[in-house]
Structures are given as C-alpha cells and as structure tokens.
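As written, the chain order gives the labels A, B and C, with residue 1 at the start of each chain.
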C-alpha cells in the first residue's frame, strides 16, 4: 500500500458521491472542450483556409445582407491598381441550398485566378476551361450532397456535371461547391458582377502593412470593404459572440466545478473528522493529511477532466453529425485542448481542495479518543 | 502471571515526569486535571483507574501528545513535551495508541491498517507490507490480513489495532479502555496479549480502565478522582 | 421645484403620447404599410420547398414576381429535381378581379387555372394558388383584434376579410404582425365555416438592406395532416422582366432573369 492507494481509497469510500462529483466536473470540462473546441475550430479553419489560399485581404460587402451584395466586376481592376497589391482573384459567392441539401457555399472563382491553385484533386479532375458546364466539390460538400465524380448537379436552372472532388485544406473550402466565375455569372444572370475579391500582397508583409493596403483599397472602393484576412473573422459579430459565449459558459462551468468539488471535499473532511484525528493520533503529520485531501480533490479533477474530455468529444461528434450542421463545423479537438482542459480540471480540483485541506489540518488529534 | 517480576527486571529510567499538570476545557469551566504529579519509569505496566470524568483519559491524551496541558510540566525522557519534542514525530515513533472503539479505518484491510503509521517512518512499500504481515502474525491474525474491518470480530479488530500500535516499534503503549467494547472472553485474550507484549518486548504499558479486575493485572495502579491522583499502589495488586 | 416637476411630467406625457402614436397604428394603416411592402415591384426569389406528407419531397424553385399597385404577376417554376424541372405556374391578378393563371407541365401540357381552381395545391405542397397570389393586406376589411406574444415578440393580431369584390377561398385571415419589423410571424386562414385551413409560421427572419423578410416558413394544413417547409435562399430586387415572362409562352422557358441595377 502506498500513499496514492490511500488517496484512491478515500474516493472509493463514497462511490456514488464521488461519481456524481466527477460527473459534475466532467460536464463542466465537457462544456469547455466542446465550446472552446468549436469556437477555436472555427477560427483555426478560417485562418488555415486563408493561409492555404494565401489570402491576405478580402474585399466584400459581407454583413449588409443575407449574402454579400454583388458589385461591378470593374472594382477588381481598381483594387488591383492599389500599390502593394500583388494579385487579385474575383469571386461570386452564394450561400444557398443546392438540390435537397441544407445551405451550402457556392463559390465561383475567376478562371485562372489564384484561388484555384491550392485545391488538391481527390478524385476526377478540374474543369477544362471557364465555360465547361462543370463544378468541383469540396470533400464535405460531396458527402452532404451524396455526389461523386460524373454525377449531375443542378445549380439554379442549369444542370452541371461534377468533374472532380477536391481538398481545399480548410473547412470553408471543403464545404463548398466551386465553379468558374463566368459560368456562375451566366447561370444566375449576374454577368459582370462579383461579390468578393481575394487579395494578395507582397509576401512577408506585416499586419500593419496589410492594414495600410486595406485603407488604400477602401479609399478607392467605396462600394465594398477591405479587411485583412485575420480581421475578417475577428470582426464577425457571430464569431465574437460565439467566442464570448464559449468562454463565459466555460468559466461558469468551471466555477460550478470548483463549488461541486469543494462541497464534496468539505463533506468528506467533515464526515471523516474522526478518521483524520486517528491518523493524527497514530503519527501522521498535518502536512500529510492536507496532501491526502488535496490529492483526493486533484484526482477528482484529473478523472473528471478525462471523462469530461471524452464527453466533450463525443458531444461535439454528435453535434457534428447532425444534418444541417454537417460540414459547417470543424471543431479543433487537438491534444493541446485536451491537455489544457485536463490541466484546468486538475487545477479546479486542487483549488477546491485547498480550503477543505486547511480545515482538516486544524482538527485536534484528541478527538480520536472521544467516541 | 507475575507482574512484579517484570518490574524488578527493568532498570528504573524515568520515562514520564509530570509536575502540577492541569487541563481546563471551556475556558476553565471544566477542570479535567487539577494538578497531577507523576513519574512513570521505562518498562512499567501502569493502570490508571477511576470513575468516568475523573480525568484518566485526559491524562492519557497528555502522555500521548494528543493535547497540550493548560499548565504544569510534562517531560518525556527528560525533555519538555511542549517545547522539546515534535508532537507528530513523538506520536509516530514513541507511542502506540490503542482505543476502546478500535478505530480501524474501514476502507483499509487489516494489513493496510497496520501499515498506516509506517507511512511516516518507512519509505519502502515492500518493507511496510512485510512488517505489517509479521505483526499480524504475532497477534495471531495471519489468516485475516486482507480482510476489511467490517468482516472481523471485535476481538480480531482490537488485535489488528494492537498490531497497528506496534507498527513503528514504540517505547510506550497507551491503551484507553482496550477491552471496553469486548465480551469477557475476548477481553481476557486482549489483556493477555497486551501483557505478553509488555513482557516480551520490555514495552512500557499504560492502560486506562474503570474495571478494577483489569487494573489489578498491572504492576502499578494509579487511582484518580476529580482530576487528581488519589492513590498510587505498587507491587502485588492481585487479590 | 413643483414647477420643474410638472414640466417633467408634461414632457413624459408628450413623449408617451407620441410613442403610442408611433406604435399603435390603426388596422388599415398597418395593412396599408404591409401591402406597400408586399407590392414592391420586380423581384426574383430562389427557395427550397420541402413537402412532408406521406413521403418527403424536396423542390428547388424560382419565383419571378412583378407586384405593383395596378396588379400582380407571379411565375413559380421548379428547377430541381430534374424529373419535374420546368413545371411552372403563372398567376395574374388585377385589383377587383379574380386571379387566374396557367399551369405548364413539360413537354407541352398547358392548362388554364380558373378562379374556382385557386384552392388547388401549388406543386403538391400545402400552399394553394390563392395563397401565393392573394394579398390579404389589400382587402377592404381590416381590424386589429388583439395582441399576442409569438416567439418572444409581441405581435398585433390583424384580422382581414375580403371585400365584396374579392374572391378568395378564405373568409378570414388572421396575421400576427411584429409591428417593429413589419413582418408577419404567423398567419392563419379560415374557411367560411370557420375552420382553420392553413397555418403559416415564420421560422426565420432576415434583414435585407434594412427591410425584414420572412426567409423560412412552415406551412401546415390541418385538413391534410401534412406540412411544407420553405427556405428562402436568395432574393434579388429590381430585376428586369419583359411582359413575355408572364405569358403562357414565357412559362415554357426556364431562365434566370438578368440582374438589374440594385
């Protein structure tokens, strides 16, 4: 028998209470994992998407309506002429339902533009030219639409052919239907109109330099707004809301966890008062008693953290599988998040064990002889 | 049994020395000890007897460093127990406690209960386990090592508690009504076990009881009343 | 001190009076404003319709509409699935007249829709022809019959009854209007026998250039025990149409209108 055995035994003594406390913390930690994972995943996948596409600035009218409002394609030339801009790609992006799918991103890109370059073909091929009636599907989009290479796909009034399935390296891309800008403009009757311009600046530019280019673009393009790729997401109301929600909910969950563990540990100290006195009477130092109580609450935290990570992951997976959310969510369930969550949980355990441990160390051994 | 013989065989080193020992509770409203003067030598078997509330348990607490006296001096081997000794070390290494209600920890097996005090003194787990097993064997419980207290009879539990009190080879055994919760048959067995340990290991045994027949087994009987020693009898006590 | 208090009181009274004036529109005013929002010129809508009856059926539709004070022309066309693509309905109505229209089923079936057939379902959904062409906000008799909270929003209940010149399969239409956003959050349509024929619930409201629009609707018909979900995915205003678009010949063509200046 070793000291850790004693700690484990302490928790085993009230399996139901230990179980419930554990469940309490694990729900808190599950909330942390799920919420932080999802919101971070959102951010990561956006940033990864931007980085793999090497987009520094996005010019659009996002935020003024359901989807970005179209503007004249000539805006692109004005953007391209801004000093510091090295490359541009015009897009027409629509958020719409395709066939019987829920909402999907239909992203039409200027043929030959850099926004095509990073797409990796998983199967099939790219369209042959700007006018071939063809689309490529991101992997998730293909799954959602249940389409494979060679299948027909209806975009508005036109039936096109799926010629390839691609990996865009990011959630947004993988959930998109991609086609040539010319084709999309023709189908939707939007000839000469675009609603997004992806912009590249000189490689190695700092965030400040990118900001300066944004300002320059905004001066010559009043009909749309240029934002650095990173700022783009951070400025999104929805994202900030999600982030604030996830952190405040997590904080609340953690506080609940602390209270739960503290309550359990206080109860344990209270009902084991005599046992603790006996241990003192047979020679245990107060430090060891405190270590025992702290050890128990830390172990509760550790186990709760591990169970919580599990519940969180399963929960996120379950949500992920729901129709309608499928492909819209790419939670960041990295080992780093797990380690952080379990560490938080152990921290919760230790923190909530401090007061009970202090209380336990104040007991006098002479109580052992009474009763 | 001849308790007097064992008394004669030990050198008369003074173990405990109490001078004017007083203990008050509740801001002086309860006076448990009202000035006790006492010397106990190494290797003695002393029984402390008296009606309940006479202060005998309080005295035992002072001797076991479970509590501090309100005033007076208490020395162990010539050192002040209040200032010269670390209470935890003293309790771990010098004292073995035996309680009326056994006070085994219910979530630990017999052999684990015996190991509990060793955590402060012995670092190797295998060594702890071996010594605990041999202690249980010495109290005749080698077949019960992995039983939980709930599965043991009262006598068996007290024998585990005695083995636990011996865990760190203490100099003194302090027993508080060790047979109080036992039937007469088991009471006799426990008492004989304690006396055997006292004799074989030359261990000082201080036993608190209110039962005269048990008290008379000792080589010295201290009688207390109202927080004072009223009688200190040595020699052949058995009727 | 007393003076100042009474001034404050007077101010508060004026403020509350003008507030009340702003929020509590009369029934006819409210109906007129909603009617004006409805008859807002040319627009093009893309939507998905999901019919939950014995089986589940999804349709992708486009709507071309030309709504002015002098009349309403609407074309509903199925874009997907392929088997039904091209199925189109044309409905036309001028004030005071009954609506009529044409149904086209490819390759070449053309059928007239007479006023008596306006109760028939549109593409097998829970909406009938009258539901899409009738504009009950333009009816003569409008009354506010109460208020109720729908989806945490306090709504005025507007009760509309067709005037003598109107022909409608419904005798009473009640709509729960969010007066702040000017959007109906619920519509119930009753037969002359007082039976509930349709309930239309707004499940999503979007804002488009400061105007609020119901984007998702759920239509239920208690008589049929079925429901239809409508998810609007795109709305374009100011689209250019020709008169031909709203003729039986124009129905046979499946084309997206060109974007106008918006």
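By definition in this document, contacts are C-beta pairs under 8 Å (C-beta built on N, C-alpha and C of every residue); 3 or more make two chains touch, one makes a residue touch a chain.
The model shown is predicted, which means the values in this text are computed figures rather than measured ones.
Enquirer: Which category does the touching pattern between chains fall into here: line, ring, star, complete, or other?
Expert: Graph shape here is a line: each chain touches the next, no loop.
Enquirer: On a CA-centroid basis, which chain has its centre farthest from chain C's?
Expert: Ranked by distance of C-alpha centres from chain C, the top chain is B.
Enquirer: What is the distance in Å between the mean C-alpha positions of chain A and chain B?
Expert: 64
Enquirer: Distance from the CA centroid of chain B to that of chain C, rounded to the nearest Å?
Expert: 93
Enquirer: Just give me the whole-number Å value for how far the CA centre of chain A lies from that of chain C.
Expert: 39
Enquirer: Residue numbers of chain A touching chain C in their complex, please.
Expert: Interface residues on chain A, with respect to chain C: 64-67, 69-70, 94-100, 103, 152, 154, 156-157, 159, 187-191, 193.
Enquirer: Quick one: in the complex, what on chain C touches chain A?
Expert: Of all residues in chain C, those touching chain A are 46, 48, 50, 58, 60, 62, 79-82, 85, 206-209, 215, 231, 233-235, 254-259, 262.
Enquirer: Going by the contact rule at the top, pick out the chain A residues touching chain B in the complex.
Expert: Touching chain B: residues 1-3, 5-6, 9-10, 12-13, 274-275, 278-286, 288, 364-366, 368-369, 371 of chain A.
Enquirer: Would you mind writing out the residues of chain B in touch with chain A in their complex?
Expert: 57, 60-61, 64, 66-67, 88-89, 91-93, 95, 97, 99, 101, 103, 105-108, 111-112, 115-117, 119-121, 125, 128-129, 164-165, 167-168, 176
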